[in-house]
Amino acid sequence: MKSGFAGAILALVGAASASAADKPPMPEPSLEFVFEEEVLLAQSVTPGTTPLGGRNIIPITGGTFSGPGISGAVMPGGWDWQLIRPDRCVQLKADYFLKTDDGVVINIVNTATACRDAQGKPVPVRTHAVFEAPNGKYDWLNRQTFIGALVPGDAKVPSVRIRFYRVN
Amino acid sequence: MKSGFAGAILALVGAASASAADKPPMPEPSLEFVFEEEVLLAQSVTPGTTPLGGRNIIPITGGTFSGPGISGAVMPGGWDWQLIRPDRCVQLKADYFLKTDDGVVINIVNTATACRDAQGKPVPVRTHAVFEAPNGKYDWLNRQTFIGALVPGDAKVPSVRIRFYRVN
Amino acid sequence: MKSGFAGAILALVGAASASAADKPPMPEPSLEFVFEEEVLLAQSVTPGTTPLGGRNIIPITGGTFSGPGISGAVMPGGWDWQLIRPDRCVQLKADYFLKTDDGVVINIVNTATACRDAQGKPVPVRTHAVFEAPNGKYDWLNRQTFIGALVPGDAKVPSVRIRFYRVN
Amino acid sequence: MKSGFAGAILALVGAASASAADKPPMPEPSLEFVFEEEVLLAQSVTPGTTPLGGRNIIPITGGTFSGPGISGAVMPGGWDWQLIRPDRCVQLKADYFLKTDDGVVINIVNTATACRDAQGKPVPVRTHAVFEAPNGKYDWLNRQTFIGALVPGDAKVPSVRIRFYRVN
């Protein structure tokens, strides 16, 4: 077992070498739009109440996505697996795949907690997305933190629209 | 098994009832500062290379946090469990507890991918934080998406400073 | 914050009250067959190599399952999400749903590491299955540990056969 | 994107080439003892009820383990993170590290559901353990499925004893 003062992350962020006086001010994070999805959904299936809470499945049947330098289709398969909690919130976990127009398959696991406030009004739904893309053109998706903004879709079938942003 | 058109999330976001024309424009997400942590760290422990990649452990030994309406201590225990990937990135997962000044214990699982760019320069580290707080005063932490900005700490011992933001 | 000597698990297993002399000898665990699945698969899709390793998707298209007091169909949807590791192993994670003949929907997350030995011979594949069933007739699936034995299927299409056992 | 008939797991288990007639009978899985742990625990900390259920933390303070060809210490740090469910069950997740006598650090994530039966009597607690060991002497821990049998410990402080078995 090797053990050392400077862990990988400390080295990465420069902790080992910089004195407090040298340090740059902490930069404010900001959001940069990367692409928008329209996700088509099937009728929900409701397993019912388990020891964790109410469970609901919304199958993902297809869709499209598009943004600067990236576009393609939402692959059919996967679902949004929902946990209905006692605090006026629904916990969402959607695990599925995107296929770019040039044939690259990318996994996305998109999670959120969708709540109503004390007056029963829906709070805007913000997601956290983890992408796993093959090494190459789209591997920037593996390297930063992404969030999404989810709203009802415009399609004639049940759908949602999600705009994804990189956290810079 | 019950099955229905409007799944919980569609109902929550109003998809079942609104026509496209009725829909409000998609609001842009924004970031709102919630609190800042200083996390104290012990020397790293390096298990070595496993089938998933290089592994590194940075134990969490304490710290403090403070923001509008919330402050307290980082409980000793837990660690940042790092995966050193072949793409100049380190995957971070820190799982630990906060204890507020009024005695509430809150779990935090804070994940990030910390990378160097092609020139070897560190990219700012942005995290995704999932909180689990008991019902009550701090349960707003259970109900939205949060991100963090991580930089080296100012303490005399190894440390990191993380500023957390709610995604509105 | 409440804090106490006897945590829930210690209380459950009787640690707080029993002296060593009182304790029953540790029972040996044993395996009890619960049901067998035949899972039908589509052609695999290969995203390629990501920072975690090689990735492969095998979609689940249907199937059947049957055992004492339980039988039904494997719901189409979901997939086996595989990670090809450098140590002659493939890490498997299959997340899908079963629907019993009496209409109950049950989630299964079945994981395994399928390896070849140093001579290149496949090691028998044993899985760990986590079920989430609604409260009621099949909720015994929520309450114990289950493992599976996976072999190639007998169907005319690509398939696997998995026999599940409860660990008593 | 490459796509093909024989996914990695089918190839591993020989599905692509064997006809039903050729196939060996499915071997019954069996359990082989690998090592026993004694895990020392601190007083539990109770965050209280969250949207997922009751939460309890039992810190891990040390211990020992020993079996054929492997022995060492349980590293202090980590905890058993418990979810008290409404169905007379407690869901356990203990994430910690072992250090062998020859200095190898191994991660263990040990999960279980510990229940009482309808008469209030505890059901024997069986766990599922996932190990992550560095490549080398102990990497057989990365390559198969393991279960554990958990009982109260014999130490003068709160403790549990867990016997681990490989599923062959």
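Note that the chains are named A, B, C and D in the order they appear, and that numbering of residues resets to 1 at the start of each chain.
In this section, a contact is a pair of C-beta atoms (placed from the backbone, for glycine too) under 8 Å apart; a residue touches a chain by one contact, two chains touch by 3 or more.
Note that this is a predicted model, so its numbers are computed, not measured.
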Contact-richer chain pair (by C-beta pairs counted) among B-C and A-C: A-C
Most widely separated chain from chain C, with each centre as the mean of CA atoms: B
Length of the line joining the C-alpha centres of chain C and chain D, rounded to whole Å: 14
Euclidean distance of C-alpha centroids - chain A vs chain C, Å: 26
Residue list for chain D, restricted to those that touch at least two other chains: 1, 45-48, 51-52, 87, 89, 104-105, 135, 139, 142
In the complex, chain D residues that touch chain C: 1-10, 12-16, 18, 20, 23, 26-31, 41, 43-48, 54, 56, 58, 80, 82, 84, 87, 89-90, 92, 112-116, 122-128, 135, 139, 142-145, 147, 149-154, 158-161, 163, 165, 167-168
Residue ranges of chain D in contact with chain A within the complex: 1, 51-53, 85-87, 89, 99, 103-105
Footprint of chain B on chain D - complex, ascending: 45-52, 55, 57, 59, 77-79, 81, 95, 97, 104-107, 132-136, 139, 142
